[in-house]
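In what comes next, subunit A is part of two complexes: it sits with subunit B in the first one and with subunit C in the second one.
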Partner chain A sequence: MAELTAKTPCAGLLPISAGRVTVTEVDPGPMTAIAPFKGKEKTLAGALDRAHGLGGPAPGQTRVKGHVRILWFGHAHALLVGVAPKPTLARHAALTDQGDAWAVVQVEGAEARDVLARLTPLDLRDAVFAVDATARTELAHMQAAITRVGAQAWQMMVFRSMATTLVHDLDAAMRGVAARR
Partner chain B sequence: MRIPCPICGNRDSREFDYMGHALTLDRPAPDAGLGAWDDYLHNRENPAGPTRDLWFHGLGCGAWLVVSRDTVTHEVFGAELARDVTGGRA
Partner chain C sequence: MRLASGGQIDRTQTIGFSFDGRQYEGFAGDTLASALVANRVRVVGRSFKYHRPRGVFTAGSEEPNALVTLGRAAAQDPNQRATMVELFEGLEARSQNRWPSLDFDLLALNDLAAPFLGAGFYYKTFMWPAAFWERLYEPFIRRAAGLGALSGKNNDAYHEKAFAHCDLLVIGAGPAGLMAALVAGRAGLDVILADEDSRPGGRLNAETIEVAGQPGADWAEDMVEALRAMDNVRIMTRTTVTGAYDGGTYGALERPAPDWAGHSDAPCACFWRIHAQRAILAAGALERPVAFRNNDRPGVMMAGALRAYVNRWAVSPGKAVTVFGNNDDAHRTVADLLAAGIHVAALIDSRPEATTDLPVRRYAGAQVTDAHGRGGLEAISIATMSGIDKIRTDCLAISGGWNPTLHLTCHTGRRPAWSPDLAAFVPCDGAVPGMITAGACAGDFSTHACLAAGVAAGKAVAKDLGKRARKTDLPRAEDAPYRIRPLWAVPGKGRAWLDFQNDVTVKDVKLAATENFTSVEHMKRYTTQGMAPDQGKNSNVNALAVLADATGRGIPETGTTTFRPPYVPVPIAAMGAGAQGKGFAPQRFTTSHAASVEMGAPMVEAGLWYRPGYFPRPGEKTWRQSCDREVGMVRQAVGVCDVSTLGKIDVQGPSAGAFLDMLYCNMFSTLKVGRTRYGLMLREDGHVMDDGTTARLGEDHFVMTTTTAAAGQVMKHMEFVHQALRPDLDVSFISVTEQWAQFAVAGPRSRELLNGLLDTPVDDDSFPFMGCGPVSVMGVQGRLFRISFSGEHAYEIAVPARFGDSLFRTLVARAEGMGGGAYGMEALNVLRIEKGFITHSEIHGRTTAFDIGMARMISAKKDCIGKAMAARPGLVSPGREQLVGLMPTGAVKQLTAGAHLFCLGEEAVRENDQGYITSVGFSPTLGHFLGLGFLKDGRARHGEEIRMVDHVRGVETTCKVVDPVVLDPEGGRARG
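== the complex of A and B ==
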């Protein structure tokens, strides 16, 4: 059997920086979509708490415990990041491995919000999108998930096949913001 | 135009796909007859004023919504989950 070398989605593309913004690739570890079976939403929240010390996230919210994060990830499902799910969760929800499916990058810096404002219609103001808020939205015409992980830091996810487009559009927006300082 | 997604809050219309009039939620019975099915499949009003449409939040949470809006003023009155409108059927 051939020896295959694992490559990250943004290998050779990141890191980049321009102006006061830096983009780095994030290795999220295991990622699993968790979609509760009909009528199992409440028991799933309890099972998540027992298995990983995290309840189910409310829409637009994330919960963090150590290196494990669970994101609200759309209508009636969530994404568990940083740990493989305990098998007990399968009694309450459909579990789908997403570990190789997404490119994850972190955009950070004093002008990071100005860069994102060029790429997404999402309202990124502090009062609306605080630290640990998350959203499914559009990013340069791509389906994306955006999570605020710090005062000046956002993590962005797009489908792995679109990693090059993501980096290209981020780079253009960063240079545009930097040129207009 | 912004659409108030019941899950995500106010979002730009570019996150949504228009999926036709909400009357498609009221599927006729299988034996309702050719007239009823022809009407359901092909005939649509073209209202100047209030209407109810299906919108799919494809670049957002993925939910289907029933949106009430006015085709003349472009005012959006509100939105609810299609699942709640149908009570889970269909």
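== the complex of A and C ==
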């Protein structure tokens, strides 16, 4: 029997670059939303630690171990990225597959912060949004999750269906910033 | 003309530009205004109402006269202040409000009619007949009066908006602002220093003042260099802070720098939203004119502006300059002119006690009473103790004193206070939370005082934010006292201008007072003083002083008008930057989008989603042909439709069932695992919010579907219900709309199609009607739901979105091999109308479960949101409009959505309204139109004939009231 073929959210749209900024699509691997059951926040943190070597993230923060990352993901949710959750976690939390729900891109470069300043009201200064900080916020007109993954690198997630708009808006902002030099 | 030496211009870089089609040259560092002055262009525009010739009046953003249009065609940009336009190669500027040309303007006739065109003349003159106002008077007035115009064409030029954050925003980079930024920056604060000029330094660039033993402009340059070397200080030039808003938010408009303005990707402007913990307003002060007869002649300009032209740009607007003032700045101006080698014809000081050592003809206690020379200043008349003198002069510099630039302190509602010593308004403390003022904008007019105020302000903010300011040496500078004797208007005959931009004279203000428009706000609106692009920056204080005099009140009692944002004009295009075209709203594309577009499907927008309307095939000329075929495919073979846009919400937890019981009016906790149930959700007020199916995948795991349109609303509602009403429930939920690509496979051959793809075939036992469960689709784990929105034997199959494109193409190809194919929104709509299934056309927010015939779904065994309110007598009583089906019976066989229903023989007027039609479609299955609508007591009126009138489209027919479910009312096709 023939097989179904997989397509990434930004297939055919990325990479792009302008000035000193590049945008590439990220293959995050498995992504699972984790929402602790009532009163299970503490036991979940322990279970996460045993299962994947990292605890639950504080609001606005991520924890990283190797290629596995866990993001604070808004009210009552965390997002485990890079590994499928061990089934034991299901005793403490609702697990929901989100691996296909988001377009994930990395914006990187010397002027990346200037580009993001055109798209999001988030305060991106080092003291406020350090490496590994994360936020659910607005990006152009889209709701997004933005995580700082390096000194000049940010990962942004928007709904998969909005990938075209994400790239369109990034492209316009990047060209505007590049034109200033 | 250009002076032989001096100035902060680069004489090695010549720049060519044009004004009204004539070619000129300037230097790098010039503004359009300074370059026009250098080229001896005296008349740069015509006035608003009287079309009087006008020349450059100021050197800043307050310019009322030198307004020009830049750019061409769609991108033409009117009312640009020539004083703020930096010269760049190829710049094209045109004058405004003149016809046929600037030098010869036919509408200058208005000037002769001036006695009839005073304040309020519109309201007095153009009253009768009433009908003439719109058709005759207004078009004529609009043509005759005004400034520049937009092109009227769509302008897709790129504008930008951006956000910035800082600990301290310093507004203005003059001596106070520079010192404040230095102190705060050294203390470790994140500082943004914003200045509207291309060159920081403020008045230091325009004066010959020394700071720390070096020329002020050089000192400012060194300071900027020191600030630029600090990582935590960001200097934003060409950036005017336009508004102070709540919560430490400031709006700012950045103009492009000439070196990148021409780049095709560069924005025309950038609108910044700056979030600052604290702000220091160091915006300086604006010099004010004195009103006297014909003071608007080209060649009359502000004294401070003249010094800027001479000192900064090394140009002189005249060969024999006179200076008129009521304060020491008149003397400073003369000194600068003499130093630059410019002939000064006279110094006129209105203060009788004034003395000077300057080698110049001088008049103390004298006043300029008239300016002569129609196309430009030729002479002035002055009144002295001994009579009227006339002096030949081609440039008159005036100084009536300084008004602190306190506008931003008033943006959140506070009013400024009057200072009799300064004869000016000064800002109130704490007017804008988090903002303090420093320097001339707070009434400190000497350079020393400004530097000191800047240091103090920087220190205060540093301490306030928990930092320690390092010791900062105060640079040496002049500390001359500010000596002024107020002079607002020189008495006498003729018109003396207050507001140059709106052609408002002293007479107009006095007339307003005479006609009892004595409140300053009324005077403003009656005379139009202080409106238009300059918002009265030059004229407000003078006008209210004249008003105070005319009404016999003091200036503090008279008060100012309200200063509102923006401080300078901000293009709407900049505020709404990025929202043009595709930037208007995000586009949401399904995984089948590319395949649908390849098949030629036109897209319809459903919320932000794009969904295919229909899939045209060769030979089909209209959408109806495609739609009819697609309906037939589903009824007779199998159709495939992307339904991924419906909201999908994963609900998990021990209390998931109880939570759904609370949300839906019917019961879900009793649903068996592996089964799906239709649910109806009410708002708190008892009306229907949404509907959809919910599948129970496990004991504690449900997947709810919502309509496409209400997905976000339902999610928000669920958060509210859980967080605010039932936090006791152990449940969590998250959207999985984007996670799954989901396709409806509908029609008698749907199972046959699916079984060709499923790794384990399904039958009525494993997947009965309303069954659900996990399946393996060509090796991929998916979900299958046996549900139907068409009334046929149908399924919805879901796979992770990455496989959506592939699965859609496979399903469509196989369906086509079975006499079916893809179907779009049009067919989907017809299919559901045939079955009487509702959408948001029916549950539009004003209908109840009772209205749509689902009152019995509200479970008696439990409570739910909206249950109590839905039981209110008014929501279940006779006379309510109830859902019915409609079939046309008259000669016209068309039904239209939005048409209203009337009893036969009754007039089609509002009082007789019986209901309305919500959805229509041509049913190829039945061969005629079908409609759904709401009719008073409709359920009891099946079989009745009724009249449909569409007043908007002009369509009328009779139709028969029927049950909403026309096709297969027993539901055998879906179950079979």
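Note that the second predicted complex is superposed on the first by the 179 of 181 C-alpha atoms of A that agree within 3 Å, B and C clash if a C-alpha of one lies under 4 Å from a C-alpha of the other, contacts with A are read in each partner's own complex, and residues count from 1 in each chain.
Everything below uses one rule, namely that contacts are C-beta pairs under 8 Å (C-beta built on N, C-alpha and C of every residue); 3 or more make two chains touch, one makes a residue touch a chain.
Nothing here was measured: the structure is a model prediction, and the numbers come from that model.
Contact comparison for subunit A: of subunit B and subunit C, C touches the greater number of residues. Of the two partner chains placed by superposition, A:A153 touches none, neither subunit B nor subunit C. In the superposed model, A:P121 lies in contact with both subunit B and subunit C.
In the superposition on chain A, contact of A:D97 is made with subunit C only, not with subunit B.
Of the two partner chains placed by superposition, only subunit C is touched by A:A140; subunit B is not.
By the touch criterion defined above, A:F37 lies against subunit C but remains apart from subunit B after alignment on the C-alpha atoms of chain A. In the superposed model, A:A45 lies in contact with neither subunit B nor subunit C. Of the two partner chains placed around the shared chain by superposition, neither subunit B nor subunit C is touched by A:V26.
In the superposed model, A:G60 lies in contact with subunit B only, and not with subunit C.
Once the two complexes are overlaid on the shared chain, A:D169 sits against subunit C while remaining clear of subunit B. Residues 75, 121-123 of subunit A touch subunit B in one complex and subunit C in the other.
Across the interface of their complex, subunit B is touched by residues 59-60, 74-75, 121-123, 135-138, 143 of subunit A. On the side of subunit C, the complex with subunit A involves touching residues 158, 160-165, 190, 257, 260, 263-267, 273, 275, 578, 582-583, 585-591, 609, 650, 652-654, 719, 723, 730, 732, 734-740, 777-780, 799-807, 810. Residue ranges on subunit B touching subunit A, taken from their complex, read 7-12, 14-15, 57-63. Residues 1-9, 33, 35-38, 75-77, 93-94, 96-102, 117-118, 120-125, 127-128, 140-142, 158-165, 168-169, 172-173, 175-176, 178-181 of subunit A are the ones touching subunit C in the complex.
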